[in-house]
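Before any comments, here is the structure.
Chains here go by letter, A, B and C, matching the order in which they are written, and residues are numbered from 1 within each.
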């Protein structure tokens, strides 16, 4: 069967992702295993650009095609094996097309598809099922994301406050390079010496690359390559927006699921109280796994939509006096500890001018589901609002920011947002991962002038946030739509270093063109490949 | 005004599944929850309480359950959400009760609480699905009843006005107090507990009564007091071995049309 | 004494009982190799473990539950023949008279129908003029004649304005006085809203058993007991229930389960007119009824097209609706569809929605949550379309179509 299929209208959905931007391509393939992928690479003309896709849930356009060929990895969705380390930890090998919600379901229901597994994996599986429930902690809002895509953009979610992004939970990768050679990387096996990294492909080629020289911010960050002295080679590929190679297998580090998970919505009459609460609660609440924020405008939109439609009618009513909400998730070993945490949380609230009464505590599945609906309803309601406005002004879209700052700058960055939004006279709603000082400020343009003003504001914020030591993209990645912010954050010289690093792995610059760098910058880097020395076999 | 809400612990509905291959019920990991219909009844009671209290009247809501000892935790959760007190009838002797024996046990519990003005129940339990406890309880207490209440009741001066399901449509009725109401879904969603509520509930006293302490006649409770007996449970024949219709969508549709022709619709 | 008996000689400590129990009511303990089951305080004697035990080590012992009554004095099958607002017997009343006929024939006893006739909006004075004549030259007339023609040997009729508001207490007291006087062995009600309110009111007054929402009734040839079978856990499991020591044996029966017999005008039967106790008065006051329009109900549909999450998007609902229209049926849905705001709540089939009993149910993209299956177990034929061959819905379907439900629906539509 012909694996490379010429483009046809039935593939049109593969022209776009959740960023709502679209691209073009001439052909598409759906390999089911690494060998198929490699033969596709060898069949394609070496000059053909390749865009790699997973579930296309990304918000930065990373999976939007840029001419040439599209490789969709959705069918590389096998569960390949399991091992248990000496310390009892479990590591699950999966294909990049495995969908997060499916993984969660299988782990919870103890129903991992284990056909074809070897005896060692089967023995590990028995041990997995016999012990306490295990889970994979990375929790992006969109659970239809696939693991390969999540690794490519170093996804995070609400619980990244406790567990960090995807990165630390990936213990190994298999990667196919644009030339068809393969890397098998296990965390701890290959590390850089300072900023020099030496890698050997399974085919025997040794590569030496110089890593860029920048220092990453001390904030949640998904902007450009992860670079650090003596870094692990695995980390270079995680969060690389698919620019260095194609991930064909991941080994995921599983963790014991928390015994007790309680969610608490804390409401405040004043945004300042909410921020004070977060600042005080972070060091005080050891078992907090997430701090999420919803501002007054977001609550207003929720109230309006709740009255309008049946879909959100089951949401609890949010009294008008509430002008800010912080959702705290507590993960505890038992109910005694959870109750302690609840008491602590209560006194923190009273200290900052909140009240133990103005809270919703979810201790049952039904209540947790209502809280989940509440959190998901906010962005949903904003989308509904924007869709209505687009009927009048089709050219506008929602403008959502994704910037983070270090802990001590939380009040400063919110002040910045409030002051500049007011000056520009723009309507907005903000929510997001306040535990990581990472808010999605959404500008809700009423017309094209608002839309343009919003874009200007985002550019200004990128400068200010960088000055605060923050990151321009904290979780969505840079993809194709935040390249300018990357320049603002790191400057031309460092971005050129990144482009040269890419050229070392992808000498013709064909893989995921348009991600991280514009074409001119990439082609310039490809022309002067000084970052690599290819040793003889 | 004194309101009693009867609640039952059921297994978390999301956890009750049937294994499609073995046809056994999978209950692993099922966490006990308040029967969802009873949760609505509790919310209705709490709304009435809010209304009465804001009108300057005294009003208390007591949750009553017959169940195993751990049910106490669910009653405490009800208090965290706004109920004032809880009474749990818990005794091995209550086990195996059908609706008649359950009704008797609950009526003994209500007798301990003094005469309530209003008894609220969920219309039915999601595990048993009999919808019999409410009307049987009304009969046992000798008070009138309205089943399938679909809207918030209005309490005025010794009468409660409700909209309720009937075979002809939604009926509006006046019921003199004291009365039993059974509450349909969708009337209101049970409010969530606040931290303040949960902390207060931790210290609340929940009475746990044995059959004897509840003054129940041993011959009328549990298995012994249940006229009905389950003699057999079985997997229905035939359904599981359904005919598989194969082919592409067009071929499948063709065959389905044939099947429907055979039914002479 | 009653309780869960564990035969420790037979018990092999396999813990299947522990997994079957939803209440931690049984545990397995002891040293390896000699582990045995033990009941805990959580046991509610539900019997789930008894069914799960592979070596029959578990049983539930019942203490002396013999009722105080002399069971042999109870004879005849009775049916409460509920009338509608216009005063005509409901279909389910005729279905039950027909079913009672065959059960009573097996028992060699009579079928008696209870007919409470009031007329809405009329007082006691003009009741007779509002109702059809009691007799004609050929014998009984009106509703009584109809009930006789489908199988009743006797109709006990009471005409009283106090029946006109469908007050369960008034009806219950009337029925109880008749039962105490005439002693039927069984009494059946339609599982209508009113039937399910009235039957428990009678059961508690008579202190007898009642089985809700039955779909099968049989007489045990050995004991003569009425075996009442009802769906549990969404129809995946059926439970057969008996009432050995109390009379009458009572059940509410789901409408549409049994066929109503063709009326036979040649059948003969008697009508006994009885009065209603003067002291009885309805305590519940009926202020009004909002007639639900037939358009806003899916419970009476002959054909139902039910959509679940697998339909994919709201725009695909149109295809399902067109399909329902083409089949002269109605559109139903699952809970997630209502929650998504794609359909009104009255279309929801399931435990928290409505129960349906169509002749044909076409299920599109429904995975088959147990709560949903509970609401559709009355369907006579189910054709299920789902992409997932392991979807639980298929266990409840006579026809299993594994495929894209939208494509299959479109293809079906093209052929109708």
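Just so we're on the same page, a residue touches a chain if its C-beta (ideal position, glycine included) is under 8 Å from a C-beta of that chain, and two chains touch if they have at least 3 such contacts.
Only a predicted model underlies this, so the values are computations on that prediction, with no experimental measurement involved.
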For this session: Per the contact rule at the top, check every chain pair and give me the one with the most C-beta pairs in contact.
Result: B-C
Problem set entry | Distance-to-centre winner among chains (Cα means, whole assembly as reference) | B
Problem set entry | Approximate Å spacing (C-alpha centroids) for the pair subunit A, subunit B | 43
For this session: Could you grab the centroid distance between subunit B and subunit C? Build each centroid from C-alpha atoms only and quote it in angstrom.
Result: 18
Exercise. Between subunit A and subunit C, what is the separation of their C-alpha centroids in Å?
Worked result: 52
For this session: Send over the residues of subunit A in touch with two or more other chains.
Result: 314
For this session: Any chance you could list the residues of subunit C touching two or more other chains?
Result: 345
Seminar exercise, completed: Residue ranges of subunit B touching at least 2 other chains are 36
Seminar exercise, completed: Seen from subunit C, its contact residues with subunit B in the complex are 2-3, 19-25, 41-48, 51-52, 60, 62-65, 67, 82, 84-85, 90, 166, 168-169, 172, 192-194, 196-201, 203-205, 207-213, 227, 231-246, 283-292, 302-303, 327-328, 345, 351-352, 359-360, 370-371, 373-374, 381-385, 390-392, 394-404, 407-408, 410-412, 414-416
Problem set entry | Interfacial residue positions of subunit B with respect to subunit C in the complex | 11, 13, 16-18, 20, 23-25, 27-28, 30, 32, 36, 67-70, 90, 92, 95-96, 98-100, 103, 126, 129-140, 144-148, 161, 165-176, 185-186, 222-236, 238-240, 242-246, 248-250, 252-254, 256-257, 259-260, 263, 265
For this session: Would you mind writing out the residues of subunit B in touch with subunit A in their complex?
Result: 12, 14, 31, 33, 36, 39, 77, 80, 189, 191-199, 202
Problem set entry | Parts of subunit A lying in touch with subunit B, wherever the complex brings them together | 264, 314, 316, 339, 342-343, 345-346, 349, 355-367, 370
